[in-house]
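Common to both upcoming complexes is subunit A, partnered first by subunit B, then by subunit C.
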Partner chain A sequence: MNAVDGSDHYNKTSDGKWHPQPPPSLLTIILDTNPHAWALLSSTLPLSVAIANLLVFINAHLAFNNSNKVAIIASHTQRAEFLYPIPSQGDLVQANGSTHNGAQHGLDGNEAPTADDANHYRPFRHIQTTLLSAISKLYKATTPESLTPTTSIAGALTLALTYINKQSIALSSTTSSKTNADPLVVPSDPNSVQPATLNPRILILSVSGDLAHQYIPIMNTIFACQRLTIPIDICKIAGDSVFLQQASDATHGTYIALTHPRGLLQYFMLGFLPDQSSRKYLVSPTAVGVDFRAACFCHRKVVDVGFVCSICLSIFCSPPEGAECLTCGTHLRLGEYGGKPAVLAKRKKKRKKGTDE
Partner chain B sequence: MAESDDEYVQDISDDEVEAHQVTRGAGAGSRATGQGSRGAGWEVTRTWENVVEGADGTISSTVEGLLEAGKRKRLLKDTTPLQRGIIRHLLLVLDLSTAMSEKDLRPTRYLLTLRYTKAFITEFFEQNPISQLGIIGMRDGLALTLSPLSGNPNDHISNIHKLHEQEPKGQPSLQNALDMARAALFHAPTHTTREVLILFGSLLSSDPGDIHATISALVSSHITVTIIGLAAQVAICLTLATRTNSSLPPSQTYNVALNEAHYRDLLMRATTPPTTPHSTAHDSGIKSSLLMMGFPSRIVDPSPTLCACHSRPTRGGYLCSRCSSKVCSLPTQCPACGLTLILSTHLARSYHHLFPLRNWREVSWARASRPGQRVCFGCQTLFPERPASVRLQSTSGGQSHDRMSLATSRSQPQPPKAAHTNSANKDGVSESGRYECETCERFFCIDCDVFAHEVVHNCPGCQSREGLLGSVTRNVRGETEVLVEGVAG
Partner chain C sequence: MSASSLRSFEYLEGLPGTTFNRLYKQPSTALAIFRRMLPHLAKSFVMALLYISHPMPVTDLEAWVRPDGRRERDNAVNLLERLHILAAASNPGKPRAYALTNPFAASLRLALTGGGNHNSFGVPYNMTEEESMSIAELDGFARRQWEGVLGYMVGSTGMNVASDGVTLSQGVKMLLASGGLVEVRGRTVEITKDGFAFILQEVNAQVWTMLILYLQNAESLNMDEVDVLAFLFMLGSLELGLPYSKANLSQTQTNMLEDLGDFGIVYQASPDSSYFYPTRLATTLTSDAGGLRSSSLASSGDSSRGFIVIETNYRVYAYTSSNLQIAILQLFARLITRYPNMVAGKVTRESIRRAVSMGITSDQIISYLTTHAHPQMAKNQPVLPPTVVDQIRLWQLEGDRMKATVGFLFKDFNTQAEFEAPCRYAEEIGVLVWKHEGQRKFFVTRHEQVAAYLRNKSGKGG
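Our next item is the complex of A and B:
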């Protein structure tokens, strides 16, 4: 919209005066921490190596711009959890109603007991210690019973979105005084979303496949990202996921399936480091053909032409028996389905009658 | 004819304050029903009386509370899963008469309507990807087809864009517009809804015949009409809205916009698919049926070929799964064989209407002070601590209140508002700034509450403990029993 009426121009100049720096970008990383999948990968890319690479990548992202932020969420076997930022004990003790900015936690003093390494930039070290302790805590809390080959990507995506939402509200309320970031404006008006204040993006490190029962929640998050123009980048280390392919395609993110998992850091640095605003000037890795085929609910067959219940929108490969929807149980009326083009047939009859008489 | 029309207008503009009863016949008492709820139109709402000084002598706490109430008000809608008419046929009727050049809505009613209509079209197809929309204009006593029924938002928007070059003119005719809408919806299949949405700026309708006959015809062909007025309530509109929506209260079908934001809200509300209650499903003419749809695959040709929809050379496109003709964009109907072509993602867009996220409930201080959750589960923001002044009161009264509200909310699907005796709870605002999902029992802040219900339609908490849902509900029940016993003891 801004490009049409030229107000873009004014925004730029006023922004240039007030913030000489480009808008901060928030990188939300979703790390699939399914122990099964990482155990399978242990010969080529152990989790420890992956996390070490990830930390280098995060440091690079933070070094790009002083105000850049990062959040890391674990998508574990049966739950999703924040790995960074997590409220530290110091915050919980002294908290009394004051508004805290999530990314600034712990920079103030509560890290003092650990050895202060003069050669380590403090924010980097803070993230490193927090992330490593959170991951080890996560794995210690994992019991053998809870080990399933599943991962809760939907939950992690939802957490990422709520966090991004909160951060963009917090940022726009502090920087711009006149345009109050009303969160209610965002959903109702997709044209006036304020990406100028915060450049959020989501990166998913995926090691496992799809889960059919998470289809609806994952789709909900994809549509939310589409509305808020948040790209979802996928770094596919193992497994195969149609949902995630669709996610990156719908949100104009980058999808890279690793052919050489050992070079993880290089994929990170070259494929995923540029943020939304700088991607315009770069040729990003193009996605392969995206699988949009629909599978029927009854036999899980991939269909070209399907039958859809008008009430619950379930897809069937052939009209179900007894003309009753298998999902919602509604009695359905069956049509001709193009067997006879009704309009043409009627005209012919009329003409025939006319000639006969 | 023209002269008499002019006089008619004159009469009305004189007593515009009293507003209404313009068209023939119908309901002198309608004004009372329309405006009774918010007092007479000239009475100013005394917003400043709601602001009360807090204990510390500032009004910041009250202002924050009012802001939260505003955010939350939009959320507290009915979330029981209902059967909805997902596949819709909607005709949007725009008033293009002289009344639209009024400047009470900035910049003018006309320009604002055009702008909102474009936003509406986009949003409508976001929410209802497999529905059809058409646009009719009322100008100079005539009904004009501005944009025929189709499923392509870009066509509609470019058609609306052309209206910027024209001026609103003459009188509107509701009857002509309704007749045209009825003709356009005549071929709509029975499994779809047939809806007309009128944006009406005038206070009159100059019709060639008896509009009541047209209304009866609309009722018999199961067409529902909803109206958004821009000036004041008009009796014939109320009659029209109530007669065509017999099962719905008039407050849902006919509203007058108070200001620009309210206008927008009213318009955007129409993007949610209407409910079709089971009992009246047969009466309303909506029958369920099985539809044949094609799920085409995307192709990229090495050289441009003509598309079947616009006859333009394009490289990318989709091939119809039945007749292999190329179309540019989805969803659409195949121009050659008439098969509905969609992507499976389009179907998924409608799922959140079918499986809505339940409202979260407010958390009292007594419940909030239980250990464990000090940050919002969604965004990791710290919750406010319980102020010392509240602690004294709630040790005696607060806890039992909490238990009561817990017990009622579990035993009944929707807790009655009267159960919340605390004044803060009347607006749906939580005194502790926390909101709790009843399924996963996680606490969230107001921003996450609004975001989860309006945008994502997922509960972050429930999605984060997949597979444990069964055990959680069992825990919930056990705990409720304990609490109820506590109250009895």
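Our next item is the complex of A and C:
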């Protein structure tokens, strides 16, 4: 019946007329704030310079569209924390109960009385002051004991996903209806949220490597993003990041490994600023050779070749003890394990034959 | 592009290059034009070029865009050049390269980073708590004033619209008349076709239409165009619910505040007070239309944005108690019953024909219904029932059966032969539109050749 339904052209004309602006985009930035890694970078790109560049980038993102939104999450050594917007006290209280309206109110309502300046666009200045104070607070709270060479990317990604979910629910409820007093409006159902109402994306500024011990949570967030069609952009300033490459590849995000860290802003402006609607028309930089290696579940080592449980697909670097899967407990039979050298020997023979002839 | 930005575009593009140079000196203007006027892809281009020290070769830009996005790319580049934002420089020995023009790029950078001493984002005014206005109060003020303007226009159709005690200043009435939205005949005011089109637009588009009328009138009031435009763009960057100081405004801009107050775009307690509030109408000037539509201004009385339900049987239900909205609805629908919070009616052939005869087009009616669709209706895809949309269009087409052609009538031929010869000649050269053998008349689009033919013939004959 759809073939004879002539309503297509109404959609087209109405789209052309009534939705001229692409939907607002929500940019969630995950800033790796590991002090170790930034200390190593201090000669080429100090943290202060990086944050100054980041602020210009955020402002440029907000300048794109009046309703564009931004969130910044610090992925610190042992925890992940919101840098902007900062959840207020009221929000924390309400977090236990129904948070639906409280979140919006709490996140916007923490306006600090800042020195007024007519030379700075107000929303831009608001973000600048909030972000800077949050970062200094974060570093003051960091003790030498809590320093590790790693960063909690998985936690930050999870926070980002929850924030994106909250925002898209808030947006769809404001666009469809505000009041329930209206006789025809039924309370909006969170399941009916259409992803088209908000264009979310995640940008990770990565400086530290060694994420293997977070392999499982990271992969879970990546698959969640893939399902929700949220691209994860990676800006790799330093460090090694096997899984982040996979993240951008799986979610069709942009992957840039900085070769000239001083030009950070230009990388931002050219590579990361265009949102999904402009990326349709642009050639975006992606990683060429993606490292698809996985980490084993037993020792968190990145492995090229490993053992996979035939029941739950868990990965192991060596056969688990007692041949029992650590995840599902299935007793695995290794079969002709150990035949590997024999295979190699055969190959050698073949080669020999080849060289002989 | 929405209708409103199209309109402001046309106006802006007509400005000379020097005006642009002066306009772009203000960071707030650069930011507002960037945000409001540019298509999405053009914004990406501007941002990519903003912090590059050397011009970007044309080929590089072309390589950045996918082959299937070429049309969008050309559109974007074209528009940027017309707005004097992008310039292609071709130095001898180097490939053609794009660069942003300077006052614009410098201003946009300033807007993004802050700093400078331009005060173009408004100087906030410090005041005590009890004096300040709440956002709800400002919204109420803006709505009252704006509906006063609309009510003044619609009220002239003879439908009783209570104006809620809003008295329009002489300036506003003059502006409406000079813009051709209403015609003043003695003491009565009649709305024109343009006026109807204006009424059925979205609020944001209406505000822009009005402001551009104001701009066009600005010169006759000895106001500097650039000053006026820069102030409008600054208003767009202010924050709702905050008072701003008038101290550093130019004389022109202080005068403007008074006029804008009549429209409900800004609020000031009295003309002498030293601060003003921007209302929602002002702060959404440079945002996308969607931001405004979700605000409470789009519909009146109730807080949800849409209130109209139209069914496939042409019945219309409008959840509103506003006289203005009912009067607008009455322009094209036959209202049958009125309840405290709702009116019910029907779109009929007669009601649409009447609207068309007043100069309202079917597209305007359809766009009005779509923008004001009830949230429950707005979930449908397409929003309006296709049968209704088709029928409204068909009802309009009914009236378009006649086609006027400008031309010349030849008549009063003495004999049939005398009539036939020039008639055949006119047909041969393809100018004949209509002929009637019995009455010996024919109608042509151009008369010169036929007249020469007749002259020749009569010259030969006599």
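One rule holds for everything that comes next: the second predicted complex is superposed on the first by the 234 of 357 C-alpha atoms of A that agree within 3 Å, B and C clash if a C-alpha of one lies under 4 Å from a C-alpha of the other, contacts with A are read in each partner's own complex, and residues count from 1 in each chain.
The definition used in the following text is that a residue touches a chain if its C-beta (ideal position, glycine included) is under 8 Å from a C-beta of that chain, and two chains touch if they have at least 3 such contacts.
What you see is a predicted model; the values in this text were computed from it and never measured.
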Touched subunit A residues, subunit B compared with subunit C:
B
For A:Leu138, decide between first (touching subunit B), second (touching subunit C), both and neither.
neither
Between subunit B (first) and subunit C (second), which does A:Asn66 come into contact with in this model arrangement: first, second, both, or neither?
second
Is A:Cys296 contacted by the first partner subunit B, the second partner subunit C, both or neither?
neither
Answer with first, second, both or neither: which of subunit B and subunit C does A:Ser277 touch in the superposed model?
second
Between subunit B (first) and subunit C (second), which does A:Phe124 come into contact with in this model arrangement: first, second, both, or neither?
second
Taking the superposition as given, does A:Arg227 touch the first partner, subunit B, the second, subunit C, both, or neither?
first
Dual-contact residues of subunit A, meaning touching subunit B and subunit C, are 183-184
Across the complex, what residues on subunit A touch subunit B?
78-82, 85-87, 91-92, 95-97, 99-100, 102, 148, 150, 152, 154-156, 158-159, 161-163, 165-167, 169, 183-184, 186-191, 214-217, 219-224, 227-228, 246, 250, 289-290, 292-294, 303-313, 315-316, 319-320, 323, 325, 330-335, 337-338
Per the contact definition, I'd like the list of subunit A residues that touch subunit C in the complex.
6-7, 10-11, 14, 17-22, 56, 59-60, 63-67, 116-125, 128, 174-179, 182-185, 265-266, 269-270, 273-274, 277-278, 280-283
Within their complex, state which residues of subunit C touch subunit A.
1-3, 5, 27-28, 31, 34-35, 40-41, 43-44, 47-48, 50-52, 63-66, 68-69, 72-73, 110-124, 237-239, 248, 284, 286-291, 294, 302-304, 309, 319, 367, 370-371, 374-376, 378-379, 381-384, 386, 389
Provide the residue numbers of subunit B that touch subunit A in the complex, in ascending order.
71, 74, 83, 86-87, 119, 122-123, 126, 190-192, 264, 268, 287-298, 321-322, 337-339, 343-345, 347-352, 354-355, 374-382, 384-385, 387, 444-445, 447-448, 450-452, 454-460, 462-468
